[in-house]
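What follows is subunit A paired twice: with subunit B in the first complex and subunit C in the second.
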Partner chain A sequence: MKAESRLAPPATRRGAGLRFLLVLMAVAAVYGASAAATEFHPVVVVRDADVFVQLLGEMWPDNRERWVFLLTDFLPRLKVPFIQTLQIAILGTLAGAVLAVPFVVLASNNLTRNPVVYAAAKALMNLLRTVPELLYASIFVAAVGFGPFPGVLALTVFSMAIVAKLTSESVEAVDPGPLEALEAAGATRAQVIAYAVVPQVLPLFVSYVLYVFEINVRVSTVLGLVGAGGIGQQLQLMLSLFQYENAFIIILATFVLVAAIDYASARVRARLV
Partner chain B sequence: MGRSHGSGLGRLRAVLYRVLLLAVCGWAVAWAASGIRVDADRIARGLPAIGRILKLMFPLQVGPESAPWLAVAAAGAAGVTALEAARRRRWPVLGTVLLGVVVLYAVADREWLGPAVLATGQSLAIALMGTTVGALLALPLGFWAARNMVVYGVVAALARQLLNAVRTFPEIILAVFFVAAYGPGPLAGVMAVGLHSIGMLAKLYADVIENIDRGPIEALTAAGASPLETVWFAVIPQVLPEFIASALYRFEINMRSATTLGLVGAGGVGVILLQALSFRRWPVVGTALLVIVLTVTAIDSASAWLRRRII
Partner chain C sequence: MALLVVRGLRVRYPGAQEDALRGVDLELAPGEFVCVLGPSGAGKSTLIRCINRLVEPASGQIIWDGHDAMRLKGAHLLAYRRQIGMIFQEFHLVDRLPVLANVLMGRFGYVSPWQAAIGRYGPQEVAWARQALARVGLAGYELRRARDLSGGQRQRVAIARALVQRPRLMLGDEPVSNLDPVTARAIMALLAEINRRDGLTMLINLHSVDLARAFATRVIGLSRGQVAFDGPPSRVDRSVLEQVYGTAG
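Then we have the complex of A and B:
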């Protein structure tokens, strides 16, 4: 016993040391491979950083006339693309929320008893969520042509998946009492949903939709980079014409819009839940 | 709750608020629909086009001789998934992997599967490098932006404004700038992901630091520890798990955006997608999408598992 306790600590320490060394080597290998795959080299990063800093510097309008021109002449012309951006976000959110409703029913285990249908609906929502909105947008642009329509489609698919996932999780967490009471009283499934589930879940559903709307406003400002309409198209144009001051005004205005919508949406959500 | 129960006036206000909210929403939708002009005609022509393209993207490339084998493999994979699900495993990992392999074998474009996997690996490397660089550089900024870590509140407020300014730029816009600075390639992607992650993570770090328990700090200060010792022994142990968890969560998000950065020339699988889309090579698009879906799913579950172990 005594000999054992004297021997044990060094042995475990050596084992732990070996494990630590192996983990360290594995981490080093992963990072080495990643650095090679991304051509990441600290010297290059620092050496060429001045070009990036210079580009950022070029975004700042350096005299008063430029500022006056940008704010009084250029900014008002952005009104139409900004309106389009908001409209894309609103329509995408609405269509996604409406299309999510049937999937909420199918992907909740207390409303859908058939395990195959339930698993398939859950899996579909998870699959749709793994593809970023910008990829959807670029695919839809190639499929149906340039403009805001593919942007709305991209937001619709993504919003549907998020709203359905979040809401179905809330539906699965509802108080089962009212459900069982209605079922015992012989209510149909539609009646159970209408009287036992909807009243409990509706505020959460609305707050998820608002949350997705916030995300969609953010995304809709860059959809234009892949040709899916909105202010991003102007931004893309200004960047490709090297008009960095104009691009800066667009980014600034976008920030104000996003911040205002986040604020309003957060206030409404705080009252809901 | 108590407020609305109290008086009829409160209830009236709540009802009015809802009616107003509904009216605003209804007006906003009507306004948006009138602006985009999503007429029935456009939808009627657009949706079938997407259906046709889906068929082109995922063609069943299985000859009659391999079809029975594939059916057996698919049934086996589905069986394993069902078995794992029946045992109430949180994620049917093995079954999902098997199903993924079967699906890839059945519908992936054989010629482009290898390049798509390599390019997705590059996206993964971009996300990993970017998140790591961002998470490390965010550390000093996080402490700087935490109100309880600096002597003057103004200094912290300044840092928070700086972080707000960084977060103003969406990742994809940063990528455009870095492509201009470093040339097209994955390095631009790493820099975009890294810079954006600094802005996001430093803010989260600062929030975590502001909510720590002050007890250990006061104890160490009373015992005569230097500021550096106080941070190392009283702050770091409290915040490290949450720091790592937020960095992991950021890694999941960055993996998704690393797949899109190629659309502006910043490396990764987006480059393949961009080329395939511009030549309308739908099978290649489908294959790349499949690889993305499988990779992102795998990373999400691995990261979620790690996060649950840490916190």
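Then we have the complex of A and C:
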């Protein structure tokens, strides 16, 4: 008996199969409860597949003339809203990046020694980051009205929080050696930050700003859905007018734009870091 | 008159059970080359960081050139620190920047903050930086990035950075522990040459007893936060090492 138990697998291993089964059942139960509450039935997806296929059919322009019209007449008219979308993303990203700088200093424990200020700055950045961009956009639409202005505000707040959080984490990870060396040489605090911290963090900061710009381009295409300007407003309009072919062209163009910017930005970021 | 007098220096780090320094007394005369020996944790790094006030002592006195250096604050503290050069085990250069930019950082204690912020140094400043680089044997390396240099070359850049401060005392925190034995000896020889020619006082922490014997004019042995030996290198024998390190080194 004793010899046998010594050969048996350790207790943690023995219970693993049963535990896996219990976790699986728990996940299934949560899924079932959520589906029941939201009246979501996977069966419906299969049963009503023809409705989706029909919608896709309505979106797909079915003859040559329609394609020519959509690409030569409708698409050029999207230029202004698309440019507005990019402008919203650019303004939001740049303003957010600039506003992030003081928070980077306050939310880095090697630059801000006061624990209360540090904790407050870090908590504020985390709090701002938990709110989704579209929620900011709806709040600002309610506050200042429809149009691109609330969109820019929403992206500014969101970008500031992300850039400040990521950059302050990089600042906390810099090599402390040069900071100590400059301090020992009688440098002021501003000199230490400018010469020992900034050179180490600048490439990362630029990379984070580009990363946030990628996110902002994607978000700015849907800001219009809550009335915050850009191409999303056109998409919303076409869907509400049942102009599915036009909506399809907007989605297609959005996809191309976002993919192109993602690709270009990722290339630049790869060279930076 | 002594350049530096340290009396009854005590340091306790936050959360530590014991004092890192337990009443250290020390006097440095101008032109001395002092090496500090002692096992890891004996308080060598703490001692030299107290001298330029990177670490705040709990109690004790630091008298620099006849003046109390413990009360200095703000601009006065910065003006005090710029008179003391410091070199480190890991060199502590800004690796991404060129050698010349790193050396010019030694002038930060002298230029106004806005001058440094826009990278404006006077021609005199740049000339001094070039001279310092030539002095450490790195003429022609001005525009190389610090990270592209070897360990020995980087320590030479760090020495040049300290020299442009026009210091009256050079502190070294194990400046050769990261270098191979041949390079370590060359760096120590460079420090000894600067000490002889410029009369620059040296206070250098070392791991190597042999290097201390070869270059120091005076050796201080630290053991558990206290001075266990203070005398000429010729008196550093087996019994002294046992006293400092606990066992024969």
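Following the convention adopted for this analysis, the second predicted complex is superposed on the first by the 244 of 273 C-alpha atoms of A that agree within 3 Å, B and C clash if a C-alpha of one lies under 4 Å from a C-alpha of the other, contacts with A are read in each partner's own complex, and residues count from 1 in each chain.
As a working rule, contacts are C-beta pairs under 8 Å (C-beta built on N, C-alpha and C of every residue); 3 or more make two chains touch, one makes a residue touch a chain.
All values derive from a computational prediction rather than experimental measurement.
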item: Partners on subunit A (subunit B, subunit C) - clash or fit; value: fit
item: Partner chain(s) touched by A:178 [first = subunit B, second = subunit C, both, neither]; value: second
item: Touched partner set for A:186, first subunit B, second subunit C, both or neither; value: second
item: Touched partner set for A:271, first subunit B, second subunit C, both or neither; value: first
item: Partner chain in contact with A:81 - subunit B first, subunit C second, else both or neither; value: neither
item: Winner by number of subunit A residues touched, once subunit B and subunit C are compared; value: B
item: Contacts of A:200 with subunit B and subunit C, given as first, second, both or neither; value: second
item: Minimal inter-chain CA distance - subunit C and subunit B, angstrom; value: 7
item: Residues of subunit A that touch subunit C when the two form their complex; value: 175, 177-178, 180-188, 190-191, 194-196, 199-200
item: Of subunit B, residues touching subunit A in the complex; value: 17, 21, 28-29, 31-33, 35-36, 38, 42, 45-46, 49-50, 53, 85, 121-122, 124-126, 128-129, 132, 168-170, 172-173, 176-178, 180-182, 185-187, 189-191, 256-257, 259-260, 263-264, 267, 270, 273-274, 277-278, 280, 285, 289, 292-293, 296-297, 300
item: List of subunit C residues in touch with subunit A within their complex; value: 52, 54, 78-82, 84-86, 88, 90-97, 105-106, 108-109, 113, 116-117, 158, 161-162, 165, 171
item: Complex contact set, residues of subunit A against subunit B; value: 30-31, 33-35, 37-41, 44-45, 48-49, 51-52, 55-56, 83-84, 86-88, 90-91, 94, 115, 119, 126-127, 130-132, 134-135, 138-144, 148-149, 152-153, 218, 221-222, 225-226, 235, 239, 251-252, 254-255, 268, 271
